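The following pair of complexes shares a single chain, chain A, combined with chain B in the former and chain C in the latter.
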Partner chain A sequence: MGRIQFLLRCMFRHGLRTNLTMLSLVTAFMLFIMLRSVAVVFETGFDAGPQTRMQTASKYSMVDMLPLAHMNVIRSIEGVTDVTHASWFGGFFEEGETNVATFAVDPETYFDVYSDFEIDPNALEEFKSIRTAALAPQGMIERYGWEIGQKISVVSTIYPAPSEEGWVFDLVGSFESTNESDGFDPFLFHHDVLRETFAAGAVGWYTFLIDDPERADVVAQVVDRRFKNSSDETRTMTESDSWKSFLAQYGDISLMMTGILGAVFFTMILLTANTMVQGYRERVPELAVMKTLGFSNLSVSMYILVEALLLCGISAALGVGLGTLVSMGAQDFMPPMIPIYFDPITIIWGLILGLALGLFVGLVPAVNANRLEIVEALHAH
Partner chain B sequence: MFQQIFAVTGMNLRNIPSRWSTSLVVVVGIGGVVAVLVAVLSMAAGLANVFDQSVSTDRAVVVRSGSTSELSSNLNFETSQIISTMEGVDIAAPEMYVVADVPKKSTGEPANMVVRGVNTSSFDIRPKLKVVDGRLFETGRNEVIVGVQAHAEFANLDIGSSLEMRESMWQVVGVFEAEGAVSESEVWADLTVAQAAFRRADSITAVRVQLDSPSDFKTVKALIKDDPRLATDMVGEEDWFSTQSETATIVIRVLAYTVAVIMSVGAIFAALNTMYSAVAVRTFEIATLRAIGFRGGAVLTSVMVESLFLALVGGLIGGAIAYFGFNGFTASTLSNVTFSQIAFQFAVTPELLIAGVVLSVALGFVGGVFPAVRAIRLPVTVALRGE
Partner chain C sequence: MAFVSLRRVSKSYTKGREPVPVLSEVDLDIEQNDFVALMGPSGSGKTTMLNLIGGLDHPTGGEVVVGGDSLNDLSGRALARWRARNIGFIFQFYNLLPVLNAQRNVQLPLLLTKLNGKQRKQNAMTALDIVGLSDRTNWKISELSGGQQQRVAIARAIVADPSILVCDEPTGDLDRDTAEEILGLLETLNQNHGKTIIMVTHDPKAAEHAKRTVFLDKGSLSEQGQETA
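Here is the complex of A and B:
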């Protein structure tokens, strides 16, 4: 009998108990992946694209708008290569669902600044040429089961609708961004259609590209100084930082997730440690026999430790795998503002946590096995 | 029969201390599920409370047609004067709602704070609102009073400190309470001064209406709709606030239930594990009982009762942790409708505690039933001959 076979026999000696322990561990690691995938966005912001993409918004608050005239001023600043603008529309497609990003944008320049978004050139041409055209992220199209070419009716919490049907747009195509911002990616249409409203001549924010990421701070200062003491002062930062400060307004989501995971893993430590200790107690005479046969103290305790590591490691791997699958598919079922951004680093942390748990719960039985006196152990039974 | 059940069950329960470590797993596992579920749901309940406290059936909000929040509404001052003379209207208070970036105490990062420009009629319309510290702002001066929740959430809102908003300096002169209503997250200033400081000329964002009685709602709504001078809608406060609270509470509930379902599955495995080993340890004992005439039903019941008992203890501990750890805890979040911070207190309500205990008992039932059946399935002779 090889060592590995021996280990597995030991591990599943009490099969039901091991299986049940593993199943609870699997659910714990699944939760770990899912909750971390939500928390990570709130902690780090997401990588919204290149570090050369900056955002300028009103200094007073994110709901204040800026004049359209700022566009040319920003474009003229040294180091700025492309500028576009967007405005929050507060749109929703179905009753009660207000959590969708809908932006009124400048069709001519938007995809110059978001050049990392993938879009079919023909769809982009159509988007530019038709006044009522709209583009949606691929994920949103799948979530709502839309088809390219159909009309989409949108109701806004901000802009009174021009007709009974709401604001009606022609969906001319889709685009794809990084999977990290999926769930935040906006439904896009022409800022021109707002011309009849109070937003004529005003936009929500400007987004622009700079040629050198090292100079981001400098350019931000130049832009803000340019508008200082005007009636529309600005605040400029990288797009990633701006997302981060927006998300921070939702509160300490990360702390909440950590709290939940803490409760879960506290239980898991208890459960697994209990399984290991039970398994050890039942096996005391066997371990004594092993030592009698010539196994060293060290190798006996290593068997115990490796068994704990295997138990936790395998469960962690299964749970992490399952959690990853669920996280990647879950965005479609979640309200869009619960962002599930799956980060590969989370997998690694999950596995490290699994091994750490194994080490922790295996340590006490392993040390006990090491100290076990043959005569006493055999005598006791 | 009952005598048997009592005898075996009593024996089991008295034995728990000797198996405390395995039993603890069930208690902690189920306690954890209940604590997390109740704590997270208490956020949704707390948020809903804020809106409940804000609603009065004889009050309504008049905004520009099509607007669902004050943020996107814009009216001229005459609107409030026209409405105040209407039949069925007791008070019509013109209000200006703006959002200002002010650093949060917890993070130091700027967050959206509501500033409401009001005149005395807004106080008449909200009798719950009382200045509890300091004094009211004086008309015509750059002074503000701050809601008790805003005071707790935002930095530098102590009485006597000055607050910069849009290049204008404001003096904090008082703190007010409003029995938990949403106004407690706001900062109030004199309407005319605020209009000038925020460059709003004489425009307002909404008119708060106090009706003579709730039954006047329909007639006043029709009057407003038919008035050619007005392009406005009147919304009852109940509808007004329910659209605002819905989104946030749905998000929290989805999260709570997802986590609770997965944790419950894990806890059931833990309970099964414990109860199976509890049965396994007593195989010989159970077989002996059966041999001397105890019925299967009595043994089954005893295992079930033990599982339910442990689960119940877990549920009660979990509920207690949620209650003592989180009830009344203040947090704030961003409303997606008003784009401003709403502070709320976690509310661990009796309904939530009952739901938590019911869940724990259900988990205990599932975790106990299979081991219990196994306990009585084992043939007596086999069990007695075994080790």
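Here is the complex of A and C:
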């Protein structure tokens, strides 16, 4: 028997109690990772691409569409290099059961602005040339088990379908974002399809590239000034800021999640501290015996502290690991446009929080163990 | 100087604001390889004296010297190290750790040594063999009888090969026959293994196994047959 083995035996002296405490902690840390993975998007916005990519939408509501004529005006502004447009379609797959980000886009310009999307040139040519063509991210194709060439039926919450089959598109290829932290996952089809039926001469928003990220604010002001006092005033910002603004519509999710996590961890502190103090009280005679045998005050208190650190540290590691796995699985069930973003810092914070919790709940019993007088403890026993 | 030497040792505890004297200026010499029974009525200070000799407590006055080391001079940490090297403790209620089996309880003091795992296990097996429990090494403490638990406690006390065994009523919780077995074992350790044994007991029959009996009453000592000072 070594010191570690001795420590583990002491830690699991009441197996059921220790396991239940660990289960509570694992659940708390799972919750921490899952909620933080969502909250971080609401706090910082995910990295939606380079700071040279900007977005112009209606000043008053993103539901309001903008005239297609704005495109040339934006393109003419100094510093703007490429412009494209997109429109929110409100698409559902699988007979209206799965809500997925579905954009009607300009096939000629979209991938010039989104040059960080990797796409096979042949697929892009097909996309440009076939009016009913559609492109989907590789992940989406794998998720739904589609095959290139397949017809995909989509229904919309905004645009009534032209036939009973819904809006039917020909899947001509896939694309992948090279930006790993990008939760952007849209199904793309020709804007012309909408133009011919409903949204003649109108688009949801414009996305454009500028040549100098330092001038983003200036360009945004110039664009908005050009449309000031018109019937279609605009609001322009970087794409990242635009997503942040979009996500803010859901309310102060970050505050709510922080509140939930605060309550969970406060309860966990009480629960774990209670377990540690109870465990310490039960072991007072044993600790006195250890000191009698020659264990120093410091080594006895370190046993108590390391035990608390192990209990919370192992639980935190398990909780963080499971939380990451569960969150990855939960990505499919999240609403479109609200990605789960695994920030490595969140995982590191989870582990640090675990050790801090262990330190906090183990400190008082450890100090008491240090001060424990052998004679008094044995006499009380 | 004797192996264990108490010179004008006093000890008092504080109860509320009042100091309560337990030992007052006691002198005691114990030679190496002696087996001393320490008797006296309850509250006479027997356990307090044992604690002072075992380095579990400091005297209020006087000096305690064991094996040439003045315990008064040792810090808490140094005293803990000294106890680990020189003293084996045997308690009335065994004080074994229920989370460990017999062999691991015996190994516990060896965690303070530089022995490796294999050596620790080997030494623990030897100690259990000496106390006659080599067939119970992996038994849980709760599965052992009182006598067997005390044997495990004795094995734990001798496993680091200390020179002195300090026993606080080692047979106080045992029936007569089992008590006799334990006392016989202590005699063997004294005679065959050269351990100096200091044993607190209320039981005159237990004291008969010792070479010497010392009486303690109202904080003062007297040898067997002598009047209380």
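Throughout what follows, the second predicted complex is superposed on the first by the 351 of 381 C-alpha atoms of A that agree within 3 Å, B and C clash if a C-alpha of one lies under 4 Å from a C-alpha of the other, contacts with A are read in each partner's own complex, and residues count from 1 in each chain.
In this section, contacts are C-beta pairs under 8 Å (C-beta built on N, C-alpha and C of every residue); 3 or more make two chains touch, one makes a residue touch a chain.
Quick caveat: nothing in here was measured; it's all calculated off a predicted structure.
Within the superposed three-chain model, A:81 lies out of touch with both chain B and chain C [touch as defined at top]. By the touch criterion stated above, A:267 is placed in contact with chain B alone, chain C being left untouched. Of the two partners, chain B and chain C, it is B that touches more residues of chain A. Judged by the touch definition given at the top, the superposed model places A:375 against chain C, while chain B stays out of reach. In the overlay built on the shared chain, the residue A:63 is in contact with chain B alone; chain C does not reach it.
When the two complexes are overlaid on their common chain A, residue A:129 makes contact with neither chain B nor chain C.
Residue contacts after overlaying the shared chain place A:291 against chain C, while chain B stays out of touching range.
On chain A, the patch touched by chain B and the patch touched by chain C do not overlap at any residue. Here chain B touches chain A in the complex through residues 21-22, 24-25, 28-29, 32, 35-36, 40, 64-69, 71-72, 74, 99-101, 106-107, 109-112, 165-166, 199, 246-247, 250-251, 254-255, 258-259, 262-263, 265-267, 269-270, 272-273, 276-277, 331-334, 336-337, 339, 341, going by the rule given at the top. Those residues of chain C that touch chain A in the shared complex are 51, 54, 56-57, 76-77, 80-85, 89, 91, 93, 95, 97-100, 104, 107-109, 111-112, 117, 120-121, 156.
Those residues of chain A whose C-beta lies close enough to touch chain C in the complex are 1-3, 6, 9-10, 12-13, 285-286, 289-298, 374-375, 378, 381. Partner chain B is touched in their complex by these residues of chain A: 16-17, 20-21, 23-24, 27-28, 30-31, 34-35, 38, 59-64, 90, 96, 98-99, 157-161, 198, 231, 245, 248-252, 256, 260, 263-264, 266-268, 270-271, 274-275, 277-278, 334-335, 337-338.
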